[in-house]
Amino acid sequence: MTVQIRVILAVCYIILAPIIIGLLDGCDRKISARMQGRKGPSVLQPFYDLKKLFEKEFLSANKMQLFMIRSYLCFIILAGILFFAGFDLLLVVFALSTSAMFLILASTATHSPFSSQGTHRELVQIMACEPMELLVPVGFYLATIPKTFNVSNIVRNSDYSNVIFLPGFFVGFVFILTIKFRKSPFDISTSHHAHQEVVKGVTAEMVGKEYGMVTLAEWYENAILYGIVALFFLNSNPLSIVGAIVAILCVWFLEILIDNTSARVKWQLMLKLAWGVTIIAAGMNLFLLEIIRG
Amino acid sequence: MGQFLPFTKQVLKNLFSKPATTQYPFVPKEYPERTRGHVDIDSDKCILCGMCMRSCPPGAITVDRAGKKWSINRFDCIQCGYCVEKCPKKCLSITPGYQEPGPEKFRYEVEVPYEPPKPAAKPQAPAAVEK
Amino acid sequence: METLVTALICFPFLWAIFPALIHNSKCRAFFVYLGCGIVMVSSVFIAIRWFLAGGETLNFRLPHQELFGHIFLVGDVFLMCFITYLAFKYKRPIISFLTITSTVIPSALEFVGPKLPNTYTMRFDWLTFIMVLIIGVIGSLIGVYAVGYMHGYHIHHHKELTDRRSFFLAMIFVFFGAMFGLVFSANLLSLYFFWEITSVTSFLLIGYTRTDEAINNSFKALWMNLLGGCGLAVAITVGYLWFNTANLFEFIRIAKLSPDDMRCLLPIAMLAFAALTKSAQFPFSGWLLGAMVAPTPSSALLHSATMVKAGVYLLIRLTTAMADNYVGNMVALIGGFTFLVASCLAISVSDGKKVLAYSTISNLGLIVACTGCGYAETIWAAVFLVIFHAVSKSMLFQCVGAIENTIGSRDVEDMQGLMSIFPKLAFILMIGIAGMFLAPFGMLISKWAALKAFIDTKSVYVSSLMVLFICFGSATTMFYWTKWMSKILGPATREKSRDLTKKNEYISMFFHATLMVALILGFPWLSQNVLKPLSRNMFGAVEQVISQENIIIMIVLLVGVFVIPAFNYIMTKNSKYRPVLTYMGGANAGDNMSFVSATGEAKEMHVANFYMEEIMGEKKLFTPAIIISAFLIIVYMIIVIGGAF
Amino acid sequence: MGNRSIVPYGPQHPVLPEPIHLDLVLEDEKVLAAIPSIGFIHRGLESLTSKKDFNEMVYVAERICGICSFMHGMGYCMAIEDIMGVEVPRRADYLRTIWAEMSRLHSHLLWLGLLADGFGFESLFMHSWRLRETILDMFEESTGGRVIFSVNTIGGVLKDMPNEMLKEFVKKLDAMEKEIRETTSIFLNDYTVKSRLVDVGIITGEDAIRRGAVGPMMRASGINVDMRKNGYAAYNDIDFEVITSNKCDSYARCEVRIGELFQSIDIIRQCVAKIPDTEINTKVTGMPNGESFIRVEQPRGEAFYHVRANGTKFLDRFRVRTPTFANIPALTQTLQGCQYGDVPLLVLTIDPCISCTER
Amino acid sequence: MQEIKKDLYLIDKAELLQVIMEKKNALWRLCQICCCYPKAENHYEVTYSFANGYDFANYRLIAERDEEVPSISRVYKSAIYYENEMHELWGLNVENIKVDLHDKLYRIDVETPFMEKEEAKDGE
Amino acid sequence: MSSIHKSPWLLHYDGSSCNGCDIEVLACTTPVYDVERFGVINTGNPMHADIFLITGGINSQNESVVKQIYDQMPQPKVVIAVGTCACTGGIFKECYNIKGGADTVIPVDIYVPGCAARPESIIDGVVKGVALFKEKAASLKAE
């Protein structure tokens, strides 16, 4: 891949990711509302919300917070650039977990019962997802020939969609996406819709533009996650892009459906389920793949 | 589906049917006739006896005998209908349609044309209501 | 060079006499500083000289090798007697049994066994080079720190304890000597001697306070280490009887020549077993946790720079003999398992020192796992980890010690808001913690390489298991470090007070911090000029472990981690905001720290971290972990021993 | 201190519709101690007896709470009627019963919705509340109010429901019953919901009695007590079984309330079938003198009214002990040792109504 | 013990504890405790109501203005709220409540509101 | 152009109401009335809220809570008093523990009368409150 293409892809990511994810989010809210028998807000609602957040007065209990949140946002974008410009997938995951740490630090910067309770739940969530996130690059590494963590090589060197070799990884990844998207039943550390015992959890103390930045960062992160979903389907054939888009939409709809048909579980169960699915689905897949490729 | 996501059916049904949402602010709401929206007065019938004022639990009504005014603070009325029941002349009624919200609380005032009769007539009318 | 090395080994032993005999605290401090200075300078000098000479492997015999041989023998016997005496005094007969068997057999063989060929007994190569630097630099910094710390320890906090600082400081020097000896030894007999010295000194240091707990724990450490010593003894015996050698490198060569012959693997297995005990892997982790009763510098020493490093050092040496065989699999699985379990356990404890202890065990687990794989990448990662771990752990221990002396507690919960009360200490702590798990610091780079290598491991089940261990272990590691970090950066609940940390403690810690940053920034250079020749040395030709592209990404991340926050800090410094109370559901009692309680009075709010006692508690996990790992070791040992006979 | 968190919970908290405050001592998320503090809605309305006469007090009583507003009005009127020896016309008794059961329906549906919101099942919350709207429409059609009806008066009721209207209502309820059955089956069967309810907040029958629990809280612990069996209003003519459960946990409480939904529909059907055509109120004259204790089964359990009159139009004492007040000691016990995430749920499983608790 | 009315008995302080223990042992449930200060009588009336299944019993204790009544909160835990309420709203002294909130149950601004109005009336 | 009027998030607090108004406020968020049509989200957190819906006549224990929540809301913000109680104290205004109306504690922008306030009234109130945002935002900018 030439440097120019990488730069173009990165710029596309920076500009398009919030637009696309914002729209998906808007549709999500509309569809959720319809599933609940309501009319629901406008599809552009997420953008109105975001704009509003940046216009609000800035309150804070601690100045540290803003600086942490900005760093969180920057790091997510950095990770996204690494991903979409086709660099090493494992390093993208590492960069994502570093960014998560900034979010954690931001929310504990204030002495608030809800945000710190939320933070610890967030930590549990990270702990629940991280194994699967790390396993995904491992899966791709094993599935592609020659073995590589490199995103662009994964796409270029596969003749078939990798999901054929990685069904378990895909299932596991989709499972933790529910956690990552903070959707019911795993919206335990903060939630967009239904009320929470920890109020807004991690974001409870984030006001105005801080909350706006967190939202934006979540969009950028979701773009990466959808990108990884797409990676399961992309191969050297350009037509696979269509498949990838369909897959993203299916996953997106599935998440909305799950969100609307389940209760929030407790973190103990979440951890158990997430790790269980990771070990069973991804672990088995890994084992078989090693036998095939070994 | 058993234990797992049994709500799916309902949710999908909702998704593909019309939402239950009213069109409210754009299409006005139709109220059933019994709806207790606000208290209305037929000022011609009122005899300014003040019964409503005294019976109103939150004290929303004032009757100014001297100034011949009957007024109600609609932001204070609890639509209980007790005044309607107590009014000896049955000139009060409670009808659909509520007081619009607004930035100011105000009183709604009505001029009452009633001319008090001779002082002698006064005691009997309320006495009938009281007991 | 031979003379220099000999001097380096002998000097600390001799210098130990000064602190031991001098009781004036000023004067003694001077001698300790001087001694540490000399150790540091001379080790660095030797290392650099060797490096500049081209980094050729040197094999040599000590001058007066015969004399030294006798000294080792006498020393062994003396140690044996000493331990036996203590064992009887404290009624622990098993210990005397262990020490007698493990000493008598090799010594007897030396007298009556076959005469071994006179080969070299010492070796100086890349691994030695790194170890010498670690011991020399980190070790002597710990020495410097110890002087100030032990002063505070006795004067402020533990007035009830007898002041045996002279003894303590002397022991530190003995340690240096033993470690130097250990990393130079190629001959198992001398290796065994130094090995036993570290076991005994650590035993003495752990028991320093002479409380019941300390004595118990010190004996625990002793028997575990002696058990490892038995492994060494068996290896020596086997060497005498079957292979006619006591040279470590001979064993490795033999094992590499016939990887399927269990007879050749047996000594390797025994050495690996010894190394596992010393590096505190499950099921032998207990002693390292017990070592926490000792004053901080000794723990720091034991963990970061010496004791446990002796174990992993030996494993790294053995690694080429362990590639894709039973011993390698055993070591890898034990390491991976330890990595995961110890990091889970670290979640459940709130005592800062204990967190560090578990994290040490966990990190060592990762290193051990790397060595067990026996690939160039894993060795690259392992050595890298050793370096990073040495620096950051030593720094963390010192820092926690200093915090403890200052705020009177080393509980993580009590470090709430440390950043605003003691920014200097907190800053050092942050660097240390960041180094332990954050991208793109050392640990992560190594994890990246290790993960890659594990996937490539031949044995399918080992490979799958190892990948899972790493993935899950990383998740749990992130958990306990982040929660600690968030405590430190949170808002302060206590008043500012005077920082009681002594200047020399700071000097040592700042030096560590600088070293840490230098290592992070200099890692491409390190990789190119030290690690590459090291693995070339071990494996012959090696490809690039980490591609140029990824090095660039890591540098980008690295710069990101420093620049982004700094930039944002400047950007947000002057942003206008209206200060508000934090959200407590409307129950704030006028400030952020307390709320109106059910009885109507203001009550102080406290938010504690998660410890998951019910899922990851010591009570829940420790015993099963020991059983599983013991089972693993026994099974593999049976396979190897059974195959050998 | 150490590993324990001491945090406030409430009064303003999105999962709790009403202000209640708890001091929580947590270890991780395990609640070691929970001390409730009330008084955020204490208005002191019992003291209004000195300012409002006993007739006006009907409207005050209705506003003890907006959820079982009707039953409060009814309970108060029953007490005064008892003191004054008024015989209420039979039709009024039936109408009261019908409205009371409709209130129970709306209240239980409301509770189911809040519970769903409490465990983060937003669409289920929406669904339950959508079902509830039908009942509210019926209220508005029959009384003119969605929430507060103002139909009770001393001596009977003020508004009649014509028989056609009643038939119409029964038809609507029949249609609703199916939907309710579908919705409630989610509460009883869904895996995620069950993971939140089963074995959470256990209180045994004996503990329930010791702590004075009432209503579904008690019946879910296997205690068979339902004040309706005392036969006030028209209940003596109605045939119904008290619904209990032996599981003693949150799931059981949910089960009992869901059972009562169908029971209420059934009772309304029976009432409509049996309702006689008489007057709907009797004229009451004179001043009350004496005292009375009345117990009424509200959706949340037994409510207790004690009225003491002295022969003037101002009462000496009007005392309400509402079900939530009685259930708080039991709540405190269930909170002990639960998870932080269960706190709102357990608070909700007693179906709290703070406004009546604190009057 | 004297029956005033169906299910309502007048008891004196000495009998209270005995009645309470009886009820407790028979597994009766405490329905409520009600404090009242009837205008005409000028003393407190404290009514304890118990229920067992559908059985119902009320016990009334008369207390003078400054008299203390014993707490039953150590037998019936749920009495804590009732007894605190009596103290906060009426100023009735209850001895030795298990958890004494010292007038912080409702945290109102006025002192003993249910009594104050009586005094105001008296003064008129 | 500010977009607050398109995304007014609300916070609801029960300052000693009888519950009647609260359930009607809640009913507004449910399918039949669905205020999310106007972009309204019922957040539980004052820090995220634009509109403060307050019900009930405020008692002494609630006073500081209400003030504090109000203070924690970032500008521009609108306070809507829902229900007769919140407007004037309603039937409870003579109770010893009722301050009488939300405006006794914090400035109120819109009064929604009714006992209980009907969902339609509440929607009207919210719409009127939202209309205030434009000027509020403008005056905030001018500062």
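In this document, chain identifiers A, B, C, D, E and F correspond to the written order of the chains, with residue numbering beginning at 1 in each.
As a convention for this text, a residue touches a chain if its C-beta (ideal position, glycine included) is under 8 Å from a C-beta of that chain, and two chains touch if they have at least 3 such contacts.
This structure is a prediction, so every number in the text was calculated from the model and none was measured.
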item	value
Any chain that touches subunit E and subunit B	D, F
Chain labels contacting subunit A and also subunit B	D, F
Chain occupying the middle, per Cα centroid	A
Chain whose Cα centroid lies at the greatest distance from that of subunit C	B
Distance from the mean Cα position of subunit E to that of subunit C, given in whole angstrom	69
Subunit A-subunit E separation of Cα centroids, rounded to whole Å	60
Computed distance of Cα centres, subunit F from subunit E, in Å	39
Separation of mean Cα positions, subunit D and subunit A [Å, integer]	43
Multi-chain contact residues (two or more partners), subunit C	578, 580-581, 583-587, 596, 599-600, 605, 607, 609-610
Per-residue multi-chain contacts in subunit F, two or more chains	13, 30-32, 34, 37, 42-47, 59, 61, 65, 69, 72, 74, 90-91, 96-97, 115, 118-119
Junction residues of subunit A - those touching two or more other chains	33, 35-40, 57-59, 113, 117, 120, 195-196, 199, 204-205, 207, 260-262, 268
Contact pairs between chains, per stated definition	A-B, A-C, A-D, A-F, B-D, B-F, C-D, C-E, C-F, D-E, D-F, E-F
Of all residues in subunit E, those that touch subunit D in their complex	5, 7-8, 27-32, 34, 36, 38-40, 47, 49, 51, 53-54, 56, 58, 76-78, 80-81, 89, 105-108, 113-114, 117
Parts of subunit B lying in touch with subunit D, wherever the complex brings them together	2-7, 10-11, 14, 20, 31-32, 34-36, 55, 57, 78-82, 85, 94, 131
Contacting residues of subunit D [partner subunit A, same complex]	5, 7-9, 13-15, 28-29, 116-127, 130, 190, 192-193, 195-196, 339-344
For the subunit A and subunit B complex, residues of the former touching the latter	31, 33-40, 257-258, 260-262
Sites on subunit C touched by subunit F in the complex	578, 580-581, 583, 586-588, 596
